[in-house]
Each structure stands twice: as C-alpha cells, then as structure tokens.
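Letters are used for the chains, namely A, B, C and D, taken in the order the chains are written, and counting of residues starts over at 1 for each.
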Amino acid sequence: MNIRRIAINTGGGDAPGLNAVIRAATLTALENGWEVLGIRRGYMGLLHDEVDGEPGMVPLSAERVRGITHLGGTILGTTARGNLFGLEVRQSDGTWGDRDPSADIMGRFAEMEIDALIAIGGDGSLKIAHRLFLKGLRVVGVPKTIDNDLSATDMTFGFQTAVDVATEAIGRLHSTAEAHQRVMVVQVMGRHTGWIALESGLAGGADVILIPEIPFSAERIAEKIMERDRARRRFSIVVIAEGAVPAGGLPSFVEGTGRYGGIGDRLAVELEALTGKDTRCLTLGHIQRGGSPVPYDRNLALRFGAAAVHAVERGNFGCMVGLQGNHVRSVPLGDAVTDIKRVPIDDEVVRTARRMGVSFGD
Amino acid sequence: MNIRRIAINTGGGDAPGLNAVIRAATLTALENGWEVLGIRRGYMGLLHDEVDGEPGMVPLSAERVRGITHLGGTILGTTARGNLFGLEVRQSDGTWGDRDPSADIMGRFAEMEIDALIAIGGDGSLKIAHRLFLKGLRVVGVPKTIDNDLSATDMTFGFQTAVDVATEAIGRLHSTAEAHQRVMVVQVMGRHTGWIALESGLAGGADVILIPEIPFSAERIAEKIMERDRARRRFSIVVIAEGAVPAGGLPSFVEGTGRYGGIGDRLAVELEALTGKDTRCLTLGHIQRGGSPVPYDRNLALRFGAAAVHAVERGNFGCMVGLQGNHVRSVPLGDAVTDIKRVPIDDEVVRTARRMGVSFGD
Amino acid sequence: MNIRRIAINTGGGDAPGLNAVIRAATLTALENGWEVLGIRRGYMGLLHDEVDGEPGMVPLSAERVRGITHLGGTILGTTARGNLFGLEVRQSDGTWGDRDPSADIMGRFAEMEIDALIAIGGDGSLKIAHRLFLKGLRVVGVPKTIDNDLSATDMTFGFQTAVDVATEAIGRLHSTAEAHQRVMVVQVMGRHTGWIALESGLAGGADVILIPEIPFSAERIAEKIMERDRARRRFSIVVIAEGAVPAGGLPSFVEGTGRYGGIGDRLAVELEALTGKDTRCLTLGHIQRGGSPVPYDRNLALRFGAAAVHAVERGNFGCMVGLQGNHVRSVPLGDAVTDIKRVPIDDEVVRTARRMGVSFGD
Amino acid sequence: MNIRRIAINTGGGDAPGLNAVIRAATLTALENGWEVLGIRRGYMGLLHDEVDGEPGMVPLSAERVRGITHLGGTILGTTARGNLFGLEVRQSDGTWGDRDPSADIMGRFAEMEIDALIAIGGDGSLKIAHRLFLKGLRVVGVPKTIDNDLSATDMTFGFQTAVDVATEAIGRLHSTAEAHQRVMVVQVMGRHTGWIALESGLAGGADVILIPEIPFSAERIAEKIMERDRARRRFSIVVIAEGAVPAGGLPSFVEGTGRYGGIGDRLAVELEALTGKDTRCLTLGHIQRGGSPVPYDRNLALRFGAAAVHAVERGNFGCMVGLQGNHVRSVPLGDAVTDIKRVPIDDEVVRTARRMGVSFGD
C-alpha cells in the first residue's frame, strides 16, 4: 500500500487514553516516513478551515505528541453529540440526519491527499467511519468507550481508569458511611450497561450493585439493608449505574424529584423512606472520565494506536482494532459496531458477587 | 494530678484523622498506666448501657487501637446532629434543648470513676464540653472540623485530606472540560467558610473560586468565562463552596431547582444561560471527608491526641489543644469555641489568587 | 461431591490480591454450608499445631474475612523459600528434598477431615499441589505470581498493581531527571521475565526497557542516550528488570560492585562511564508487591477465589483456575505448572514500543 | 520602586513546587506590567548566551507558565552542585571558589537592564543571593529545601510531597513485611536533619525512626525488634534518614559494604545479624523529590512566588519570604541563611512518637 499521508480524528466523549492512541499512531506512522494530520473536533476540522479560531487540521510531529501518554482528554478536541461535522446532524444513531456530509468529507480527503484515516471513536463515530469506508474511504477504526460495552473487543481503554476512580470513591465512602451508620448510594457511569458499576462495586465492597441489565426493586434493596442492620452492619453501600431502572419502570418508581435528580438521587429518597436510615447519594460524574489513564489503559491505547497504523500498512481497511485475550487483533467494522456487550445476568462475575453476598436488587 | 481512668469520645461529623487522635491519646494514656474507655457515639454510650445492640463503652487497649492511624471514620462512631446524647436535644447551637442531660452525664462520669474526658469534636461538641467543664468535669478538647475554620488553631486535621480529594477531582475535570470546551462547576464543602474551596481551587488551577465570604455575581463569572473564551481558552473551571451566595441573595438568583439542586447546580444553569456554553456541575460530597487521611492530617491528629493526654497530666483542664506555627499549644475552651475563622477578603491567599487571574465572582 | 470442610493456604511470596482470593473462596464456601479452615504459612500450620505461638489453623468465618479485599499481604502468612513445610526442604524446583512430607500431609488432611484444599501459590507451590493431587488429595490451584509469567492464564492478580507502582515511580523520576539532565535507571521486579518492566516502561514513557528475554549491550544503550542528548533531550529513563542480562553475560560486564549492587546499579556505573552523564539507579524492591491491590487485581482475585470453590463443587480436582480472555476457566494442574510465559521478542507489545522509539538495548 | 524587568532563577536540587513559584511570580509580575526573564540553570543562563544549545534566558509569558503548577521539576532547569555559574566553583559552602563571578553577574544584570532578581534556591543558593545583594543587586529570595530544615520558615514547599511519597511507600511495605515476618529498613532523604524520616515514620506507623539528630545503637534497635517479636508482632518497620549515624560513629559500625551501600543497607546487614530475622532495605531515592506536588506544596509555592513579587514592589530587597503560622512574611536574607532547623531531640513530635512506642534507637 502506497501511503504518504494519513489523518487521525477523535469523536464522541473523551476517555482516558485518547492521547496515547494519538501518540502511538503518530510515532509509528512517522517512522514509516508518512505525514500525519490531526483533524480537530471530529470531522469539523476537515470541513472547516478554521475551528474555534484555530486551523482545522494540525500536522502531528514527534514534538507535538511528546509527553501526552499520561494526559487525559484529547489534544484534537472532541465533538458535541450531534455535531460531529460542524453541522446540525443527529448522529447518536449513526444516521446522517437531514443533510449527508459524506460527499463533502470524501471530497476533502481527496483534496488534501489524505491516503487513510484512523478514526478513534465510540459506537456512533465508528458507524460513520464504516459508512465512509463503504463509500471508498480507507479507514481503520479504534474503539473508544469508557463503558467497555463493545462486543468486538475484550476491553476498551479508559474503562479501568473509570473503575479505578469509582472504586476509590466507594472506598472513601465506606469509612464515613460506617461512622455515621448511613446508607450511601453512589451513581456511576453506564447508560446502557453495568460494567463500571459491577467492577467498581465488586472491587469497592459494595453491598448492592444495580445495573441496567438487572431491573431492581427498591423494596428488595431495603430488605438487604435491613438484613445487614440486624446483623449490626449499620451502614450499606449501594452502587448504581446511571442507566439502572426499577423493575416496574421509572415513572411509577418515585414522584418527580426535579431536574437534577438522577436515578441515584431518586433511589436514595426511596430507600430513606423504606428503611428509615439516613441515606445520601453521590453522583460521580465527569471525574470518572477525566484525568490521567491508569497504566493498563495507557498501554492498551498505545497498542491500539500502533495496531491501527499496522492495519493501514497492510491495507487492512474497513476494520477496527480490538483486544482478544492478550492479543490485539482486527475485526471488520461492520461486525464491530452492531453489537453492544451487555453484562450477562448469569455472568460469572455477577455470580461471584452474588455468592459473596452482594445483592443486585432483584 | 491523680488520674486512673479517662474516657474519649468523638462528636459531630467525621473527619479523616479521628482514629489517629484516638490512637495517640490511648497509647499515651496507657503508657501512664491509666485505663482508657471509649464512649460510643458522642455521649450516647455514656448514658445508655447499650447503643445499637453493643456496649455503650469499650475499653481501649493497645490492641484495640492498632493499625488505625491511616483509617478514615472513627472506631467510636459519630453522632447525628441534635442527638449527641441519645435524647431529643437541639445541639447545633450548643443549647441543651428542653431537657438538660448534664446532670446525668456528670453523674455517670462519677459513677464510672472516670477522672477526665478527652472530647474530640466540632464547634457544637466543644461548646457542650465547655459547659460540662464549668459544671466541674475535667475535660480537654480536641478540635475537629474539616472546614479548618476555628480561630484557635492554625490548622485542623482532615482539612488537608479534603483539599487533596477536591484538588484531585478538579485536576481530573480539567482534561475533560478542555476536550469538550465545557464549563465545569465543582461544589466543595464549606458551609460557612471558603477554606476548602480556596485551597483546592488555587492548587487545582480553578479559574473562578466562590466562597461564602465574598458574595458573587453570576454575571461577573460569565464575563470571566467569556473573556477566557475570547482568548481561546474555551473551557473554565468554577470551584464553589456549598455556602457561597450570590450578592443579591439566594431567592432572587434562580428559580427553584428542586430538592437536589445545591448552589453549584443552580449556578451551572445560570452560567449556561448567560454564556451559551455547555455547563455541568459536580458536587463532591462525602468523598471529601471519607477515606485515609493524608500524612499531614495523620500527624497533626496524632500530636493532638498526645497533647490532650499531656494536658490531662498537667491538670490543664477546660482547654483545647491547637496548632500555632509548628507548635501544639493549648487555649482556654471558652475562647476557643467563640470565634469562627473566616477567609479574610483581603487575605494574602485571596490576593495571591486574584493576581494570578482567579476571579472571585465579585 | 459431598464436601463438608475445605482448607485454604497461601505459599511463596505475597502478591496484592491474596486476601481477596481468601475472602471470595471463604464466603462462597460458607454459602454452600461448608466449613473453611485457613492453614497458616503454607503447610506449616497443617504439620504443626502451633506456628509462631499461634494455632496452625484458623477457622475462616465471614467475620474473619470481612473488609480484607483491599488489603495487601495475606492473613494466612506466607512461606520463606524452601520452608513450605516447616522442614528443611528444597522446594524451588518442586522436589521434596531429603525428606518427603507428603505422607504426613495426606495423613493430616485425613485426620482433620478436610475434604479438599484450595492451594494459592506460585510455580513451586503449585507443583507441590500437583504432586499431592497425584497422591489422592482433592486439590484446586489458584495461580499467584506478581510477574504474570504463567502460560496457563492470561493474567495473574498482583501484576497490574506492581505495574501501577512502577509506573508511578517512573513518572516521578521523569521530572527530576529532566530538571537535572540525568540518566535514571529504575530496576523493577522480574527475575525470569520482563512483563513488569515492559508494561511499566511503556506506560511510564521509558526511553530504554531491558528485559531478561532480550540480552542488552550497555554500548547500545549509551548510544540511545547520546542520540537523545544530541536532540536536546538531555535526560533518559532506563527501566530494567532485575533478571535482565548483558549480551556477553554478567561477569564480563562490569567488575564486582559489592553485595548491594543489583544489575541496575551496575548498569548505572557503566552508563555514567560511557556517556559522561550523571546517572542514578533506583531499585524499587518490595513496594511493588506490597499495599492495596488495584481494582483490576481485586476483581481477578475475587473471581479466582470463587471459581476455585466452584471447581471443588463440581469435583473438578487437580486443576488450576485461570483467565482466558474475559473468562475464568480451569486447566489441568499438570499442564499449568510446566510452562513459563516469556515476553516473545517479536511480541506485538515489544514491537509497539520499538516503533515508538523505545530501545531494548539490543 | 520603578521596576520594568525582573529575572527569576532556580538553583540546587529540584523540589516539587518550583514551577508553582515560577508561575505565581511570573503572573503577578506581568500583572504589574513588568517583563519577566527566566534564567536557565542557576546563573549559567545569565553568564552564557547559550546553555545546552538553547538560549540562556527565556522570556516568561502567561502562555509559557500555563498549566505548570502541578508539574514536578523546574522549567528553568537546575544546577549541578558546584556549577552554579557554569564555572568550576565550590559552592556548597557559599564561597566563590578560586574565581569570583560576582562582578560578571552584576555586570550582566546591568547590561540586561534587569531591575531585580527573584532567586529560588536552597541554603547555598541563598548565601550567594545574599552576597549579590550586599554588592548592590536587588534580590528577593525564595527558600527551597525538600528537607524543611530552614529556621526562617515554618515550612518549605516540596516537603509534604516527600513525606507523602515516603509514607505511601512505608504503608506498602507494612503488608509485605507482615506477611513475610520481615524487618524492612526504609532509607529516606535527610542528610543533615530528620524531618522527612520523623514525619513519614510517624504517619506510616514505623516502629523505629532514626534521624541525624539522635545517634542510634543497632543493639537498641535489635532489642526493640525482638521485643515486638516476643509480643507476636513478627515484623518491624525501621525508617532511617540518609544522614542518621550510629552513636559510636560510622567506621566502627559495620565493615565496608561497597559503593552502593547507604546507611540503610548497612543497618539491614547489622540487624539481620543481631536478630536472626530476614531483613531488607529499600532506599527511596529520587521518587521523593520528583513528581507532582501535593496541594499543600502547590499553594505554599504559589504564595511564596506572589509574595516575592510583592516584596519587589515594596522595594523590600535582601529579604527572603517564609511561612510563619498561616502567614507569609519576609525575613532578612542574612539571618535566613545562617541557621539550619534541626529536629529538637526533646521535640513535641519526637515525644509524641516515643510515647506511642516508637523507638529512636537510643
């Protein structure tokens, strides 16, 4: 494959490790004698000469990517939902919306003489990358989701960092919950899947773990709390994924608790009413995705970045890199983006937790 | 002073370092040949033989206090507000409420042949300790407030840990805020004073720091954010103490945002409206006070614990230990509990921050 | 399988996560209605009624294993090399030595009516477990090596914690090395394999990584350092596994540097001579294996512990649990203990590092 | 005072917080409308147009000092001992050595129209700054010593970070020492004073703390270890400052242990011989001074930087900034550099430790 110039972009929310991907891909490509362009803010920097008053594309040199492996965020900027192209586009489902920018994008790649694109992104971004591939763009995908819920890879970078931050927070809450004999509800990320809640809850010693895959009953959780109370364990820690839902559905669960109340806040109100115990909720929010990646995530991200360039070298386009066991492999993008990896409700990890006494509220 | 048996209790919210105080006081007292009793949950364990199904008082041996220096919480349990005695008592203002339990308390101390009490607690608990002293109890106070707002000591244990947790969180938000070009509002502890917000905001590189001592204007904050935006700093970090208030007062600030909206949530709504920038709020909550104390807090707490026993040895009752410069001294309890230490608005630290470009929203 | 009582022991050096294995195995077994005995210090507690003045075996209850998931070390104690049985036995190669204690061990298990053993240990300990199995003991193995060098499992617990500690140290050295324009050599664990050096070196941004699998040349390392120097990168970070060796062999490398000089110290002397640059060595030592396991290791260890009990339930003896992809499986002990997993010298991770400019000193 | 241009330099070893001083001083000075020059590598950048192939002086803008508060090292580089001027000069005692460069320095300041110098440095650097002041240079000093041993300030930045790193390491060693029933000797920084050893040893729960101020006896330490052993505490943690010495002096202590053996290594050999217990030494080295400063150090450094500019504004030259209680004050440089702050052997902190059972080996 005769490659002279490639481009890299990052789409969707940030995840610790994005900069490591960029760094490894850049250094590996430079070593091949290629030129590397960074497209700023998804495809916005491709379609617009200037984004936010700065050039839409930046040449990536060894100097430019120095010392960024351990930095959170992304030096290329990310995209707001639905604004991957600098247009008003609904993109969360991967559809183009009213106006299809793909012709513009293809034209710009040709015009800029960019031979291949390394697209780092989540579900939505990879779907778009796949469509561009079907239209003829030479593209290699790098999966990015802090939720670790892509079936095509055993692990995604950023996930262990999120688990680390959440576990640390749960650990801190333990001592104060015990001292005050409180119930602490901790809401962690996970809109569709419960991996972060499951892993951080297990590692942090949560008493109850609530995930989208297993609808919960507030009454059953209250029972667990009171059972502990009777055994003189006067406090309890409940870890809840933001996407967890009560068995009966949300509306009937508890009356509206205002704009700021997430599911964790609602559950705390309910549990306080059911148990009579002082109950507080902490919503961890963005600290889970910000900051320096843990070594595991750095290395996975570096390997993904290098593997993406390796795929370009071999002309292996329309694929996505992923981890299988200890090996980084590539899988067809088409397959990769179809399937979300949910926590199996009879999963060995779930079973491990249950047998250790953790309740899933069911 | 002929001492044979002392008691220790902890009152009010927990703070990292409580266990270190208990450990140092216990070991130092045991070394004197004294007996040491831990009173569980404020004065509840004194007034009731059993609290929560366990004895109200526990003998503290070297074995019992082993390996607890680095643990958060308190092995003696804390008290809910207003329930320091296991009675319905309003205690936040130090008044006895409808029924004065002090005679009961004095009687129990005599009955148990407890020669002196080391009372570890905040403002309210120390006021009660002072009243017991005035009634004849031999008491030494150890100040505990995570907010570091006691005028009688240069520093309180737990504060540096809270600043550490908050600074870490602010650091993590930096990278994600920058990647997404967002405004991040971080609400930290500090009901009456802004020390945690000031120290963590300064250390974490906040752009705006809002403290109870300096009423803020949302408009001025929005100006600061837009000024940064024009200089191509497309994100901003706002650190706000939970007790910060807008200059015009709270009600006129923004319409009711429901039970769960703290001042940070409200401000985020306001700032998003004023700047048009995506704005999020993170309320740090209890992780600031939970978990292992940083070495600074461990050592300060150990020194306070040992100094309290030293005061008992010398018969120096009715006093509170405190840090002055590098020295632990004792001050009269009466003086100690009268004055809260506010951030001086022309404070050198505030001035340092201002001159570095930090806005206080005024 | 009719099980009423099982035993658990830990052998060899400690690794973060041992307590999590013990906790998960105990809780899972108790949930089955089984009794659980912990054998203290390898097999010493089995063969001797008392070890170190305390009973050789301890009943493991839910209370006893509470709150230990995040603790380093092992509540059962470990064994010194060659003293797994409280006898003078050479055990590093798995041979019994002069006196075979296996008859005694089998007798004691029968006498104590222990129906199965969960043996947590490294290479040597698992070999012994295998021999006991061949003599009729119902045994399930749990692999423990901080070096992550067992071929029968994708990952061992403790390894990520060691990588985390080493990466943190390398990160700290970066700033001081740069400020002083120094060469810093960091010696990490890895007697036979270079996994810790490779992963921490890559995550920490090392310039040179030296592993047992790739013999190094001090001259080539010096060249790399001077090449950086000419590019105005005046400092370099060299990460070396304790088992790394120069291509020509150790004796010819540098004259004896005394009892305390590990390979890292020797290399530092050599590099200072070759480059004329101020060069220091830091040997990380035991902090890599002590302290709280990272969440990844906690969860892997918990899963291993539960899976070991699950194997006992199914009567699947003579096996060892291990990770394959995202799944915990079991493999025959005989296979498990034969093969060490070395870093393949054309490994994808090695190649990733090389292409990013990392030298392996070859 | 009519100031238009100031310079800043850093001398001696690095300490976490140096960059924070530079940032605060630069931003505060820029806000005054002043120009700020950074002198690279002590005075070398002043006396040489080029240092290491780059300009000797760099203009410090807001952009240049952005985002450096939390970074270890120093963006201006430090100086090797005895080479503060780029000449062969003995400087550890503050003497000029054979050739006095002060005329050259004064000339260059005049030539460059630098109105004042902010000199950040340790004992030696501040002595030189004082001499330059006596010759007419308008200089303000900022104290830098990770050892916290300057009598003119209650605290120096970097110290708490060093204590933090050392305490974390000691904590990690606890679990492995206990599991293996070992004696662990940890050597920390502190050539002349024992502050780091004292504070980290106390916070980390060391059993023995050895500091330069209190000569130790290996026999007394061995007694302490065996006393613990008899009480079934089979492990011990010994924290030793690098400058600690045996009561009888070093030569008679233990025969030569080669180039790499620090006092900690020597003591480990001795203790193993005396107690018969497996004993290991870990020398923490440069990780204590590298890496991101803890919030306490960041803020102290920022305040020092701003206060130094404030002193320049007021024309308060020949002084050094320092912390007294909670206040940053300035003291005459002449006084500041004369006195080292040793740990008083009857210090309250030492006494606290002793009464908690810590041995000082005396």
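Definition applied: a residue touches a chain if its C-beta (ideal position, glycine included) is under 8 Å from a C-beta of that chain, and two chains touch if they have at least 3 such contacts.
Being a predicted model, the structure only gives us computed values, none of them experimental.
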Touching both chain A and chain C: give me those chains, sorted by label.
-> none
Indicate the whole-number Å distance between the mean C-alpha point of chain A and the mean C-alpha point of chain B.
-> 35
Whole-Å gap separating chain B and chain C, where each centre is the average of the chain's CA atoms | 42
Scan chain B for residues touching two or more other chains and write them down.
-> 171
If two chains touch, include that pair; go through all of them.
-> A-B, A-C, B-D, C-D
For chain B, which residues are in contact with chain D within the complex?
-> 23-24, 27-28, 31, 62, 67, 69-70, 154-155, 160, 163-164, 167, 171, 199-200, 202-205, 294-296, 298-299, 302-303, 306-307, 324-328, 348-349, 351-352, 355-357
Along chain B, where are the residues that touch chain A in the complex?
-> 13-14, 18, 52-54, 71-74, 77-78, 80, 165, 168-169, 171-181, 184, 232, 234, 257-261, 265, 278, 280, 282-283, 285-287, 289-291
